[in-house]
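Following this line, the structures themselves.
Next come two complexes, and both contain chain A; in the first it sits with chain B, in the second with chain C.
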Partner chain A sequence: MTSTLKGVTLKGSAELVADFFSFGINSILYQRGIYPPETFTKASHYDMSLHITTDAKLKNYLTNVVSQLKEWLFECTVQKLVLVITCLETNEVLERWQFDIECDKSAKESSAPREKSLKTIQDEIRSVIRQITATVTFLPLLETPCAFDLLVYTDKDLVVPEKWEESGPQIIDQSEEVRLRSFTTSIHKVDSMVAYKRTNSV
Partner chain B sequence: MAEGGDVDWELSKENIQPLRRGRDISALRQALSQREEGPTSAINQQKQMFESELRTYDGDDPLSVWDRYIKWTEQTFPQGGKEGNLATLLERAVTRFTDEKMYHNDPRYVELWIKFAENCPEPLDTYRYMQAQGIGVRQASFYIAWSEEYENQGSYQKADHVYQEAFNNLAEPHDRLLQFHRALQARVSRQVFLKLENESSDEEPKQPERVSLADLKHRGKKKAIAPVNRTGTAIKNITRGLQSSGAPVLSNAANRQLVVFDENKAEAAGPSEATLESWLAPPPSKAKENEQKPGKWCDMKMPQKTKFGHSVMAPPPPKPTFQPFVEETDQPPTMTPCKINPAVNSVLSARKPSKEETPLKRLQEHHQQHKEAEAGKLQERSMYCKELLLSGATEFCFEELRAEHSFKKLAQGSQEEGGEGCHASAAAAAAAAAI
Partner chain C sequence: MASSARNSNFAERRGKASRSFKRGVHVFTRRRSWFVNKMAQFGFENDIHSILKLDMPITNAPMARWQRKASSSSTSAGLSGLSPGNSTNVSLSSSKTPTRTPGKGKKTPSKMGGDRFIPIRNNKQMDVANFLLTKENEPVDATNTVSAESQKVWSVTLNGYNIEDAKILHLGGKPLNAPEGYQNNLKVLYSQVTTPASLKKTRYISPTPERILDAPDLRNDFYLNLLDWSSQNVLAVALHNSVYLWNATQGDILLLMKLENEEDYICSLSWTKEGSYLAVGTSDCKVQLWDVENQKRLRSMASHTARVGSLSWNDHILSSGSRSGHIHHHDVRVANHHIATLAGHSQEVCGLRWSPDGRYLASGGNDNLVCLWPRVQEGSSGGRFGRLIRSWSEHQGAVKALAWCPWQTNILASGGGTSDRHIRIWNVNTGSCISSLDTQSQISSLVFAPNYNELVSAHGYAHNNVVIWKYPSLTKVAELNGHESRVLNLILSPDNSTVATVAGDETIRLWKSFEMDPAKKKAKERVVQSAGGVIRNSIR
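Let's look at the complex of A and B:
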C-alpha cells in the first residue's frame, strides 16, 4: 500500500478514508450504546484499541456501505457522510454525526502521489477517533433504544445504486452543534461534527 | 476552524461530569475558559443574582428560581465538587418544598428529588421516602429512576415491581413508562438468556465423578464392605462435625441442588411491598464528617481555658498505664506550675456515631418544628426573616437583603415614571432610606 511509497495516491487515500469511516462508525455505535456492548470485540488499529462489531448483519451492512463509499471516494463524488441516531419508538432524530468530505478533484487527472506520510495521516485520524470517544462528556444520555442510519451526500448527477434510496437530511431542530477535529490525506479532507438536541436549561 | 475551543473541552474531559441531559457546549466552553476567581467574576455575579432572586422572588412559582439556579449550577461547574455547592442546593431546594402539596407532582420538583437521591449514599431510601410523602407518585420519571436503581443493584424483580406500582398509580406519561418497562424486560430477559446459555455449556461435562474425602455407604450387613461404584448414590449424605467445605462437595456429588435463599421468592411469599414505612425525614444525602452546622448556643459548653491558653477537656481521661519513655538528658519543662497532665491535650477519642449531625437529623428537626408550629406549640420564634437569610447556598446579611429590596423599588420606580429618571431615583432613594 501507500506506506512503501511515502506518498498518497488517490486509490490509497480512498482506502484510508473508507477505513476511517469503518472504524469511526463502529466506535460511535459502541460509544453511544446503539448496539449492546457484548456484541463488540476489541481490535487494535491506528495504534489504539477500537471496538469492532461482531454482529454478522451489522458487519455485512457496514462492509457494503464502506465499499460503496470507497468507490465514490475514488471517483471524488461524495460530499458528506452522516450518521443519524434516531429513537426507535418515536423516530425522532437525537444525534447527527456529520462528516464533510472535500475531495481534491485534480488528483483524478494526475496520478502522481502526494507528499504526506502515512504516519501523519494516521495520527490525525487517531485524534479524531479519540475526540469521538471524548464526546460522552457533553452528549446527553440516550435513554431509549435507538436505531441508526447512514446518509451519504453525493454529487447530483450520480446514479443511485441498487440498495440505496434517496432520503431527507434528517436535521435536528433546536440542535447544539460541536465541531470536532478534521484530518486530511491531502486528497480527501474530512471535517467532523456532531449535533445533538439542545438541553432545555437556562 | 475553532480549534482552540475544541481543545479546551477535550483537554479537561476527565474533569467534566457527564449529565443525563447533556451539556450546553457554549456554557461548557465558558466555564472552562473562565478560571478567574474573586467576587467580580461573571460566574460569581450570576450566582449572586440567583441568590438574591431566591430571596426577593414574590411570584407564585418560587420553585422556578430554584430550578433555574440548579440547572445553571450544573452547567457552570462541570467538575461538580464543592465550589458549585450542588449537593447543598439540592438538599435545600428539596427540603424547602416538602410541605408544598402543589409541587409534589411537578415534574421539575420530582427531577430535583431524583438528582438529590442520586447524590445520596442510599438512593433507595430516598425513593421510599418520596413514595411515603407522596412526592412524584404520579410522575413516570420517579418510577423510572427508582426502578433503574433497583436494576443497578441487581434486584430485577423489585425493579419490575416498581413499574407495576407505577401502572397502579396511573403515573404519567404512560407511553414513556411503557417504553422503559419494555426496555427493562428486554434487558432482563437477555440477561437470563445469557445466563442460561452459560449454564448449559457448564452442564455438559456432568459425568459422575468420584469425590475425594467423601463418606461412602457401605454394603453388607455384618461386615461393612466399600461399594465398587463410588459415585452418585453410593456417597453418604450425612454431614457431621465441622463441615464447612465438605458439605457443598457432598451435595454437589449427589447431584442435589443447594437450597439458596432467594429474596425475590421470599418477597412474593411475604407481605406485599406496598407497606409504607413511616419516614420522619428524608434519608441523609451523604455521610458528612467534620462539619458542624449552626445550632443552639444555650446548652453548648465552651471548653475551659487555663491561663496558659491550653483548652482542657471536661473529663480528663485516666493517666496512661504505661510509662512514657523520657530521655535522660531531657530537662523537664520548667514552666509547669499547674498540674496539667501533658497527655491530656492530645488525647483523641473516637467520634460517637450517635452524636453525629446528619442531614437526616437536620431535616427531621426541620420537619418536627414545622409540625409543632402548625400545632401552635412552638415556643421559639425568630423575629427576623431567618428563612430569607439562610435560604440559598450562601448566607446573606440584612444589609444585602435591604439593598435588594431597594434596588427592586428603584427599578420599579424608574419603570413607572419612565423618562423622569432624576425624579424617580430621588424618590427611590427616599424609599430606601425609609426601610
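Let's look at the complex of A and C:
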C-alpha cells in the first residue's frame, strides 16, 4: 500500500503499524525456527524480501490478530504487543518479544495528515526488521520444539471482543533483555525489545 | 572531744559572728532562727544533721557518699536559687565532682529545706523527651502517596504492567504448533564452513593501454558495431568496407574480405561461439557468412530492407537488426534462412544480444526502447513473427549498449545515448529495474567482466573514456582515459583479462585491466564449486 497523500493519517498509520507487525511476526517465526522453513515463502515489502508463512491455519490466525490490532490501533487503545515463545513440553517461556506502542491521541481529534514521508517510515521499519533478523546471532538456540502466543496489552476499559480471552503477562524469570530500534509514524511510536532466558553457559 | 574542740572554735567564730551581727551578716543569724538550737557549739552540726535527716548523727565520721550527694544537691540548690532547669545542670556538674572532704564542701549551708526532692534529670532523657513531644505534632502525610507509588511499582514488577491501566488479551483457541516431530535445524548455523580463498586485494589497473592498434578509415558512426573478439583470440575490425583480423596471440594481421562496391560499407560483425565463422552485416542490407579458416564466403543472406547494424548469434540462429527497426532470425543451416521477423522497434536497431543461456534476446533501438524476445521456436506455425515478452522505455536516448550478466542469470544491463547517459540493470524475470546509474556521458557499449565482478562501460560524448564499475554496487572502480574521440565499441577478450575499444580517433586500444594470476584463478574456480554448499548452510 502506498499513500498518495503527502502526510500520514491515523488510519494510514494504523495500517502501517499493523503491516509491520504482520511481517515482523512472520519474520520472527521464520528466524527462530518455530515453523519449518519450507512453509515460508518470500514476499517483497519495504524494498526487501521478507518471509511469510503459507500455512493456512497460521495465516488465518495471524490475519485475525492483525486485523483486530489494526482496529485497536485506530482507536488508540492498544499499548503493547507481545510475542511469547514457550517450550512445548514444559510450557516454560523461553523468549519474549515486546513491542510497546505509544499513540498520539491528539490525532484522533484532528483528521489532518501528519508530515512524515512514507519513505522515512519505511526506512525505519526496514532497519527494525533487519535488526530482528540480526538478533539470530546472539539469541540462544531454541533446542526444543516451541509454541508461540500473541498477547495484546489494551486499555482496561476496552470491550473484549469474542474469541479473545484474558491472560497473564508470561514474564521470563532470569531474563536478559535487548532493546531494539524503534520507529515512529508521527502518530504511532513502536519500540521493540526482546527478552530471552539467560542461559547457564556464559 | 575533738569535735567539741572544733565546736568551740566554731563557737568562738560564732560568737564573733554574732558579735558582728550588727555588721549585717544575715546568713548565720537567719539559719539560726530556723533551726532548733540546743547547743551553740553544735549549731552548725545540728544544721547539717537536720538537713540530712539522719537518725543519729555520726559525730566526726566523714559523711556517707549518699549523704554527701544529698547534701551537695541541696546546698547547690540553695546556692543558685534559680530555675529548676538550671539547677539540674548545676546539680549534674556538682554531682559529677564528688566532694572529698565533707567539711570543706559544706562551708556554705543549704538554702532550701530538706524535705524537697529534686530529681536528677539526665540530659539525654530530656532530649529524647523533647523529640518525642515534637514528633507527635508532625502531620501524618505523605504516607498515603508513598504507599500508592510503591504499590504501583510492585504491581508493575510482579505483573509486568500496571494493573490499573491495562489488561492483557490473547486470541483464544489452541495456540498453533509446528507439525509433530519438527525440530528447527538452526544448529547448522554454527557448523564449520570452509572459508573461500580471498581474492587478490591489491590489483593494479594500468591507466594506459597495453597496446594501441591503428584503425584507419574507421567509420565514425554511433549505430554500428564494428568490433568483435573471437573465442580463438582473433580480433575482427571493419574499416569502411574491409574486414581485418588481428590474431592477438601471434600479432599478425589478415585482410579477410572487402566489399565489391566502394559506396557500401560494413555495418556489423559477429563471431560464432566457436570462433570459426564470422557474420558480416552490410549497408546493402545483406548478411554475409565467412569461413575464416579458409577465408571463404559461405553465404550471403538477403532479407532486410535497410542496413544491418547489429548481429547476435544463438548457436545456429543468427539474429540481425536493421535500420528499418526489424530483427530477423536466420537459421544458417537451411537454405530458407529467414525464419522469423521481430517487429518491435520503430527506428534503427543498434543493440542486439542473446543471453548466455539462449533464452532471451535483448534488443535496443534508436527509439529508446529495450525489447525482450523469447528463444526461437523452430518449426512452429506462428513462428514467422516473434512475440515480444516486454519492452522498457525508461531510457531517454538510443540504446546501443546491452550486456547480459554471465554469473547471474536474468540480469541485463543497458546503457542510453547522449540524451540519457544512464546505465540500467534489469531483472528480466520480474521486469523490474534493479538499479540505475547516471554516468554523465553517452554510453556506446557495456560489458560484464567476470574476473572481479565488474561492469565496464564505453563512453562517447563527453568523456570519451572507459569506466569500470563494481557490480552490483555500481561504484566506480577506475576510469581508462586515452581515446581522443568518442569510444564506439567495447569488447572483452576470451580470457576475460583485457578489453578492446575502438573509437572515432581511428585507434583500437587494448586495456589489460582484469588480470588475475593463475593461483587466484584456480582458487576462484574452487570457490565457485563449493559455493553451492555454503549457501545451504548460511544464515537465513
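Here is the rule we use: the second predicted complex is superposed on the first by the 198 of 202 C-alpha atoms of A that agree within 3 Å, B and C clash if a C-alpha of one lies under 4 Å from a C-alpha of the other, contacts with A are read in each partner's own complex, and residues count from 1 in each chain.
Convention: contacts are C-beta pairs under 8 Å (C-beta built on N, C-alpha and C of every residue); 3 or more make two chains touch, one makes a residue touch a chain.
Values in this document were obtained by computation on a predicted structure and should not be read as measured data.
Judged by the touch definition given at the top, the superposed model places A:A107 against neither chain B nor chain C. Legend: residue contacts after superposition of the two complexes on their common chain; A:P145 is shown touching both chain B and chain C.
Using the contact criterion defined above for the overlaid structures, shared-chain residue A:V136 touches chain B and also reaches chain C. Using the contact criterion defined above for the overlaid structures, shared-chain residue A:I121 touches neither chain B nor chain C, since it reaches no partner.
In the superposed model, A:L158 lies in contact with chain C only, and not with chain B.
More residues of chain A lie in contact with C than with the other chain of the pair chain B and chain C. By the touch criterion defined above, A:Y35 lies against chain C but remains apart from chain B after alignment on the C-alpha atoms of chain A. Once the two complexes are laid over each other on the shared chain, residue contacts for A:E176 go to chain B alone; chain C is not touched. When both complexes are overlaid on chain A, the residue A:G168 reaches chain C alone and has no touch with chain B. In the superposed model, A:K57 lies in contact with chain C only, and not with chain B.
Under the contact criterion defined above, the residues of chain A that touch both chain B in one complex and chain C in the other are 36, 136-137, 141, 143, 145. Residues 1-3, 6, 9-10, 13, 16, 18-25, 27-28, 68, 71-72, 74-75, 179-180, 183, 186, 190, 194 of chain B touch chain A in their complex. Against chain A, the residues of chain C that register as touching in their complex are 159-161, 164-173, 175-179, 182-187, 189, 539-540. Interface residues of chain A facing chain C in the complex, by the touch rule stated above, are 30-37, 51, 55, 57-58, 61, 64-65, 68, 79-80, 82, 88, 136-137, 141-143, 145-156, 158, 160, 163-169, 171.
Residues 36, 38, 89, 130-131, 134, 136-141, 143-145, 176-182, 191, 196-202 of chain A touch chain B in their complex.
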